[in-house]
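Going in written order, the chains are labelled A, B, C and D, and every chain counts its residues from 1.
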């Protein structure tokens, strides 16, 4: 849905054939799940297997979850059973087992590993607990619905933009997230499909572990190696983009186009300051509210689409470029806030995400 | 009293000298070989810019490795360093909230907290005789948990601009490098020429004999853990300035890398043997490896493998040099 | 302090010795009992059969590797590579099985063979090249991780249907996997008590030079113990495959630290030569039950880490290890 | 087959540049006891370790039971009938008595399963032969050193050996236990076992050896039948010059009272011990092994916390202390009995070892002053004639006697007023022994008070001005120099508890 304003990028049959992820997402776009078997009366006990205490993105997602449950009221959701995966699949698998042992009415899962969580998801379904996947997919098809976006398409779109902006003869670098983690791997797949289809040889491709420090270390070495021979950088997240910008700042060099910003204050602040070209996408942690809505819809027995793209429900979450940077920048948000945010400002302030106005 | 005349048997002696030479200089030879390989594989490495980058990055590891080496010298180990980095960057961002003039108080507070963590490690190891591996591992979980509870998952505040100074280089010189070299010079002197240094070696070599020689062994051990933690805070400040944000994964892996650097540099795992000069070489080897791997565009998986093999290779040198058992 | 002294003085020397050595293990079980009491009174579902079988199964995942780790630590060694080996075993077994029931036997043999090979390499480096186990397995941690990632950075292969079902199979109310753990637990206890190999582990950990001079085949025992430890990691890799159905390289980081923590909480000395199976079981249960209870009680996630840290530090501080 | 069970021909061995053995040859017949003597570092232990397969000789050959022996593992050598009791006890502290005795050769059932019942029965039987009945399930770490030594002997017996090497087995045995050992040796010899017996106590060698081999500086001096030797000759062969074996005496009055201990007890067996110590005297402490002498020394030094009583130095305003650091500060030092475990930093240089307790004096603002340090090390080397390659040599490469001197040197530099010596001559060769005696007298002349613990009664009687006798953690009597006899002291030391308490 989000690629409507993109020039020329189109998912080819070849790409679909090569990517089980695309096959699954595309096929589910039109499917509807009959949820009558899960119907029951409110209030509901909903289990939320979150990414957990790991970074501001997931902290804000949790905050949205708690806020939204409160907002819905106790007569809708009586209990939110929470599980903190600390961003590790190893921890999440037993955690989901612990959550299921509490016999919740539904399970919302932010999976930390596509395969690692497949069987637990199937077991939940077998146990009669409907599963809503939030923000990422698993390998099995046996769940009710997924809320997210087409990550393959995002990765490809970012690459496409870079080529359009710089030209196919540019020298590109690629910095991915954590090797082996689904979100990172799928985005990389999409990007590589585009680069390869255009016959582009990358200068290098390294994982930056979604960390500003790691990203900066790698960028420093790249700068030493390639100097101003770098025409564009593809990156899988704003934190790494921050590291990349910081390395350029130190080297006092001009920042080339970056594909892979996000609506994140820290990134936008330096982007506006340095005025380079970028293409940002969004991965709002507020999508948890859509996941909760989906869970409730399921428990009410209403049929539900098997793939819910958050952009359809949250139109402000579409990609944007440097031209719109000022529109998306929120000076009062602290550096690590990822937008868009749907909860009220007081709530943000309570959690320490709002900077005191001087 | 009869010790037979040394160096009498020709074969035995030359063999022994060879082994001693490897033990004393193996790590420098390894470093030289690596540099030699770089002239062919990655000539870029020898450009001023690259050297500056390598040195700045090496300093981050190097400063921690000083503390780690000293802790290894008293037969200890510190795995809690990651927690100290995180604590440091949170304190810096929280206390200063971006204000340059608050940097000093922030650093002092971080040092005080670091000292507290170090003292905790030391007390567990000395008074409760918990093996350092587990004591400091437990402390790591505890410190990370405490930062989590304090920040509620969301570290607030900003890193002050003035810390950005750690990112500047004058030719190859930079603040982190100078700090690293300065701390090394200071602690090499301390270890070699002061009574404190002697006591550190004595405690590591034979703790019971040290106690019976009137050394307050627990004080020495606890103080070394405190020093190690304070050095980790120093490195944490550098890292915080380097990143410019509070990063939850700040300095991940430096604890194991610092141990590897010390061991590759010839510091014994069992205490009492080794020193900081070797550690410098160990740090450089580890840093060069990752920079060279990047310059060559090697995949991350290949980097993991190479790093493992080099550690094994370097340590094999020492085991070859061991006298027969 | 004074009270303990008075209590101790009322005992025979061998009773005192027993208490001094095993007292902390009782304390660990005391801890576990307290956790159970809290769970039983504060959570409706903690004591449900469902949750208890769940805890039992989870204990097997940590416990089986912990047994291997304990054997290595008894010899004053350590194995930091088990997490990476679990990761590699998952990938290898998933690829080998590839969803075909016919491949089951071959896949299991291949995976266990992999463990054996890795363990023998560790043994070789410790025995013949004489590198400290900490360093050998630290290097191996990185190397095995690199090898895993070069096999695949994304999920590969899959378990056969019946192998996935193995995870949920029960005999009576008890999960087969938990039973498997109990059997391995008993076998290890028997190994330590009734075989020369078991005695040699203690001897090597107590004083390797003495062991050698007494004619203990030190090298062979070390090969054996590293192989056993690696094999427990491979077994755990297989169990993970059964748990997940697909080979996911996201699993395996950090298992080494958990197992070492469990073993030490269980009273095994990191200096070697002292430790019991029953203690290790206690360490495993403490960690697993604690994590389960924190979820069951819905404890605020921001203080969970702090609570875990405090309990771990308190548990390891129980042991005032004799330091000679 | 030849008449010799063992022939070692032209064995040479060097370590880290030190030639420990050079062309040494020995031969043993079955049913004979061979004394092996020599100064510290002469190479006795090294020769035996080569025999045991623990070291590999650089050159030379070993013919055992008529066959040339190739390099073999320790297990194979034990299997072939050689067993060794090492100078440094070779037991695993964490394992039980029985497990230690049969380590490496446990009785088994089918499938490699151990026969634990037989294990304990056989261990108990062996220990009974040695006249003790400890719990065979007790871990070694709970035993006294003497008990451990007996376990070590039981271990050798259990191996049904044809050749047994005993490297200073008597160093920590006394009285009954020693007699027991000699009886066992006699019965073994009757069974045709050959025994190599290493000891620094020459009277033992004369008591049991049939032939004596002398090593010096790693070279063979001679091997002779015992009948052709007397003590003076043997000493001369060892030391390379005649040696007057007279305990040095100096004339001195009893000095001022320096130290008073009243009713001190610790967590160990030590109960209510009281003593007074005067300047310039040697106070000997005698007693059976395990009588608590070491515990008394540690209590005086503050190494074990007192649970009762008090200690003070009279001269220094009644100074008291509760840890070694304070004791040293007050002028009291301890030379511990277990040199390697408690006295030395074996991996560190002589320089660091000698200067550790006086760093405060050698430093300014915590920084070591090089020249002064050099002077201290040089003085120590001269005063005690320590033989070392350089001040930077690691002490693990020194011979036992020289190691002991390094420990002594370390303490003398602190200028103590009281020196406690726990078994100062254990494992020290006869030449060095007399140097240590002389040194003790020199200290006396400087007004230093000495407490000397020793298991060698002639030494205690010969050197002490007064002797306290300990029994079961208590001081049970005091004997003056003139009235001291070995029989009298042993009588006191072995009285039953009730008698002793009645005193």
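The rule is short, and it goes like this: a residue touches a chain if its C-beta (ideal position, glycine included) is under 8 Å from a C-beta of that chain, and two chains touch if they have at least 3 such contacts.
These numbers come from a predicted model, not from an experiment.
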Open item on the list: Going by the touch criterion at the top, tell me which pair is linked by more C-beta contacts: A-C or B-D.
Closed with: B-D
- [ ] Could you tell me which chain lies farthest from chain C when each chain's centre is the average position of its Cα atoms?
- [x] D
Task: Centre-of-Cα separation between chain C and chain A, whole angstrom - done: 35
TODO: Averaged over CA atoms, how far is the centre of chain B from the centre of chain D? Could you give it in whole Å?
DONE: 42
Open item on the list: Nearest whole angstrom, what separates the Cα centre of chain C from the Cα centre of chain D?
Closed with: 43
Open item on the list: Suppose each chain is reduced to the average of its Cα coordinates; what separation in Å results between chain B and chain C?
Closed with: 29
TODO: Please set out, as single numbers or ranges, the residues of chain B touching at least two other chains.
DONE: 148, 152-153, 208, 300-301
- [ ] Two or more other chains in contact with one residue: find those residues in chain D.
- [x] 341
Open item on the list: Residues of chain A that contact two or more other chains, please.
Closed with: 53, 62, 179
Task: Pairwise chain contacts under the document criterion - done: A-B, A-C, B-C, B-D, C-D
Open item on the list: Under the stated contact criterion, what part of chain A meets chain B in this complex?
Closed with: 53-56, 58-60, 62, 179, 203-204, 206-207, 209, 211-214, 216-218, 220-225, 239, 242-243, 246, 249-251, 266, 334-336, 351-353
Task: chain D-touching residues of chain B, taken from the complex the two chains share - done: 1-9, 11-13, 16-17, 20, 193-196, 198-199, 201-202, 205-206, 208-216, 272-273, 323-324
Task: Residue ranges of chain A touching chain C (in the complex, touch as defined) - done: 52-53, 62, 79, 81-84, 88-90, 93-95, 97-103, 112-120, 122-123, 139-140, 179-182, 185
Open item on the list: Under the stated contact criterion, what part of chain C meets chain A in this complex?
Closed with: 45, 48, 50-51, 54, 57-58, 61, 149, 153-155, 164, 167-168, 242-255, 291-292, 295-296, 298, 301-302, 304-305
- [ ] Spell out the part of chain B that touches chain A in their complex, as residue ranges.
- [x] 44, 47, 49-50, 53, 56-57, 148, 152-158, 164, 167-168, 239, 242-252, 291, 294-295, 297, 300-301
